[in-house]
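Each structure below is given as structure tokens.
Two complexes come next, and they have one chain in common, chain A, joined by chain B in the first and chain C in the second.
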Partner chain A sequence: MSVQTLLELVLGGISLGGIYALMSLALSLALATTNMLNVAHGAFLVMGAALSTFLLRHTRLPWPAGLALFIGFCALVGWLFERVCVRPLLGRAPDRALVGSILITFGFALTFEAALGYYWAKFVDPQPTFSLPVAMPPFALFGVSLSGTRLAILAFVGVAVLLFHLFLTRTPMGKMARALAQDYDGALVLGINPQAVSAAIFTLGILATALSGLFFILASPLGPHDGLRLTLIAMTVIVIGGVGSLPGVLAGGVLLGLGDVFTAFLVGAVWSPVTYVLVFFVVLLLRPEGLAGIRHT
Partner chain B sequence: MLEVNQLSVTYGDLRAVWDASFRVNAGELVAIVGSNGAGKTTTLRAIHGLIPAAGGEIVFDGRRLTGEPSYRRVKEGIALVPEGRRVFPAMSVLENLEIAAFASGARGDLRARLDEVFELFPVMAERRAQHGGTLSGGEQQMLAIARALMARPRLLMLDEPSLGLAPIVVERLYETIGRLREQGLTMLLVEQYVYGALDLADRAYVLETGRITRAGGGRELLRDDYVRKTYLVV
Partner chain C sequence: MTPAARGPRQWRGLAIGVIAAGVLLALPGLLTRDLVTALFFAFTFAALALNYDLLGGFLGYLNLGQGTFFGLGAYATFILAKELPAIVARFGLLALAAFAVLAGAITALLAVMVSYPLFRLRGAYFAMGTFGLFLLVRQLTLNLDRLTAGSFGIYLPSGDYVDQRLAYTLMLGLAGASLAINSVISRTRLGIAFHAIRESERAASAIGVDLFRCKQIALVISAIPSALAGCVFGLHFGYVDLESVLGIDKTLFPVIMAMLGGTGLVWGPVVGVALIRVIDVGLKNYLTLPVPALVVYGLILMVIGLFKPEGILAGLGKGR
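Up next, the complex of A and B:
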């Protein structure tokens, strides 16, 4: 394996892992603050992929208008999703909220996938694949050329993670979300309105996930039925990294991304899921509390 | 200021509080004492709206509060220092206090309120950058009270503040509660530490298996034969 190939694979793995990390961050934040596990989370990444493909390839909109429309639509969907699927369960006993949310969001994900596949094939393209083949010039560094697309993805992930971090540590809403995650009852007695926090977390999380869908398909295409697979990856990342830990989720995401890319290169893409399980198994064996989780004694 | 009329609270088939009626007048420190499992915490949680009442009514300043969500109570002026302190372990003392100000809608007034609280608890000012989880039990209790005060409540409810603290720390804590009373703050104190609570309280109620069995002045109950036999070592 030449240095060039190795660097390309590492960059590919890190950028893919960054997307996994961002998606998992949004999922784990919702889980930690509301006790809801959103099984439809991956479906929102697919939604972002589908919507951006539609707006940028199947309409004649100039891209800034398309992007603005994209952001507005995805934020609205996030807000509506919280209202309809999450809000009714909010404030129930933790086990009921968890089980209820899994059932509701699983149903949502199945409906969404079926509807998207069917109507896309009927009205847009009989072969539903979502991709944005934008040619970006490669970037030369120390005599090796790095893919411009991969670097763009990496830059997006970096900015998005930084914004998430600033939101959580600097804004009142972010601080209240962390407070709810650290001690739900302790936060309630101070007068924190869990519904307002839940609406903000789901709207932002779904918007960020949909945006990562847009960047995901710059590098590799997605189909309408990839949502649940992506949710499974996000859950794996959260377990590996530890719930509610930003560095843990980043490390977990990059670990899976690298495993994914190297497995695909060395033995074939069909074996990627095996790597997830393997990484999952090894991490749980060595650090059952997750990479950055707190060990409870 | 606070009037609780025939409050009942149930957990499934289990009735935790039966027809409890009591009141807290402005400026008073009222204690509810009783042993573990008597329904003291349940009563406070029902007043704060964290659990629904099965019957009866809660009236604060002439307004019926029954049925409103918990987060509204804070804006009404009722603060609760919960049992077990519940400080945010992975946040600094300052953040713990800030969040309390944000949650009660007092963002613009943050500085003034922090100054007030730091004056009352100078230790909190020293420890402002330290994480809540690294404080001692006594300091965590002070933080929990300081946090509740950030909302500038008209009624402060304290749930077992002495729980798990060393006697010397409890003594200092009670001094602080005494100082808050001198400042005119109305308080409802729930305790298993019967002696300390009755000694400090203007009036008190004894709660036993969900029913109020005795009421009277704090010192008066301290001299009551039944209370002495049941709750105090004589």
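Up next, the complex of A and C:
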């Protein structure tokens, strides 16, 4: 393996893992603060992919207008999703909330995937795939040329994770979210409004996930039925990293991304999904609370 | 139900059960082939949903990998039949029955093995772990193509070993057995221990319930009928492939059905299966909709989750 190949694989793995980490972070925050398991989470990444493909390739909008429309629409969807699918379950007993959230979000994912696949094929393109092939110039470093697309993805992930970190540590809303995640009842006693926090977490989280969808398809295409697979990857990352832990989720995402890319290179792409589950079980056996998680009782 | 309630009520229940079984057994002679197939699917999902509920409902451990056992049972039977064609040719149905029993045993053994890592998890994590296991088995089935014929699937050599009538009867038997297992367990010490674990693991442990052993027993008992259902399902259609026996629907729909009917109640999964199958068959065959059927299906699930997340039977005071 030459240095060039090795660097390309590492960059590919880290940028893929960064996308995984970002989408998992949003899922993890929602799970920690509201105890809702959002099975439809991957569907929002697919939504971002589909919407950006539509706005940037099938309309004549200039890209800043398309991007603004994209952000506005995704934030609105996130807010509405919280209002309709999450709010009614808030404050129920944890196990009831969990069961209810699985039913509701699974139903949502089913409806969303079926409708997207059907109407996209009917009105936009008979072969529904979402991709944004943007040619970016390669970037030379120490005589090794690196993919500009991958570096752009990495830069986006870096900025987004930094913003998430600042949101959680510097803003009142972020601090309230962390308080709810640590001790739900204790946070209520302090007068924290779980509904306001849930609205903020879901709106921001779904927006971030949809944006990761946009960046995901710069490197590889997605189909309308990839949502469930992506949800599972996000859940794997959370279990590896530990719920509510930002460094843990980052490490988990990068571990999976590197595992994916190296398995595909060394043994073949069909073995990548096997790597996910094996990493998942090995981490569980060694550290059931996740790489950086707190042991829950 | 407490032992004191034993008496006329229970005999009445038994009589109703015998009559219902008799009617269901006679149905294939009276209905069209399509409707018998629809009932066959209903019994398949009833067995899966009832097995799921033993762990998911009674113990509160959401197993999103019930389809793993279904697929393993089917694939194990078909791999044995593929590798040992001489025995199938000589003994026919008897050989397939022996393979099915062997497949059930293999699946049970696997359930014992995976119980060790899986029960280190609880809550949402357990659910994710079981779903991960399902995807692992699915991917391995696809990749190990020398054994499983990959995405092509395994076809039984021609010869109508299991006709529709026999498959219908066997699947009805498996669904009935699953119902009986849940019903009996809910009345025994083991069922009480399961209930205690669901309410509070710490309290259950304090009064001497062996937590891990109970969970392991529930997982293994729930695996066996599902594996046999997979065998019958595959043998009825004469082939197994990823989508037919390891499809996402085989692992997620039983959960949804049990939750819909009322999880943790003996009759809950049965009600859920009946309702979803009626909606499904109705949407696909008898109603023409301007939107894809799955869209309506998903919306119905959302409405139920929003307005009756504890299931239809819950709160009626019946079904246990």
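Side notes on the structure shown:
Everything that follows uses one rule, which is that the second predicted complex is superposed on the first by the 294 of 297 C-alpha atoms of A that agree within 3 Å, B and C clash if a C-alpha of one lies under 4 Å from a C-alpha of the other, contacts with A are read in each partner's own complex, and residues count from 1 in each chain.
Note that contacts are C-beta pairs under 8 Å (C-beta built on N, C-alpha and C of every residue); 3 or more make two chains touch, one makes a residue touch a chain.
In this text, all values refer to a predicted model and were calculated from it rather than measured experimentally.
Within the superposed three-chain model, A:274 lies in touch with chain C and out of touch with chain B [touch as defined at top]. Of the two partner chains, neither chain B nor chain C is touched by A:255.
Once the two complexes are overlaid on the shared chain, A:186 sits against chain B while remaining clear of chain C.
Of the two partners chain B and chain C, it is C that touches the larger number of chain A residues. Contact with neither chain B nor chain C is seen for A:201 once the two complexes are overlaid on the shared chain.
Looking at the shared chain after the overlay, A:31 reaches chain C, while chain B stays out of its contact range. Of the two partner chains placed around the shared chain by superposition, chain B is the only one that A:176 touches, whereas chain C remains out of contact. Contact residues on chain B toward chain A in their complex (touch as defined above): 48, 50, 69-75, 79-82, 86-91, 95, 98-100, 102-105, 107, 147-148, 151.
Every residue of chain A that touches chain B in the complex is listed here, in rising order: 172, 175-176, 178-179, 182-183, 185-194. Only residues 60, 62, 117, 120-121, 123-125, 127-129, 131-133, 135-136, 139-140, 142-143, 248, 252, 255-256, 259-260, 263, 291-295, 297-306, 309-310 of chain C touch chain A when the two sit together in their complex. Residues of chain A touching chain C in their complex: 31, 37, 84-85, 88-89, 92, 94-96, 98-104, 106-115, 117-118, 228, 232, 235-236, 238-239, 270-271, 273-274, 276-278, 280-281, 284-285, 288.
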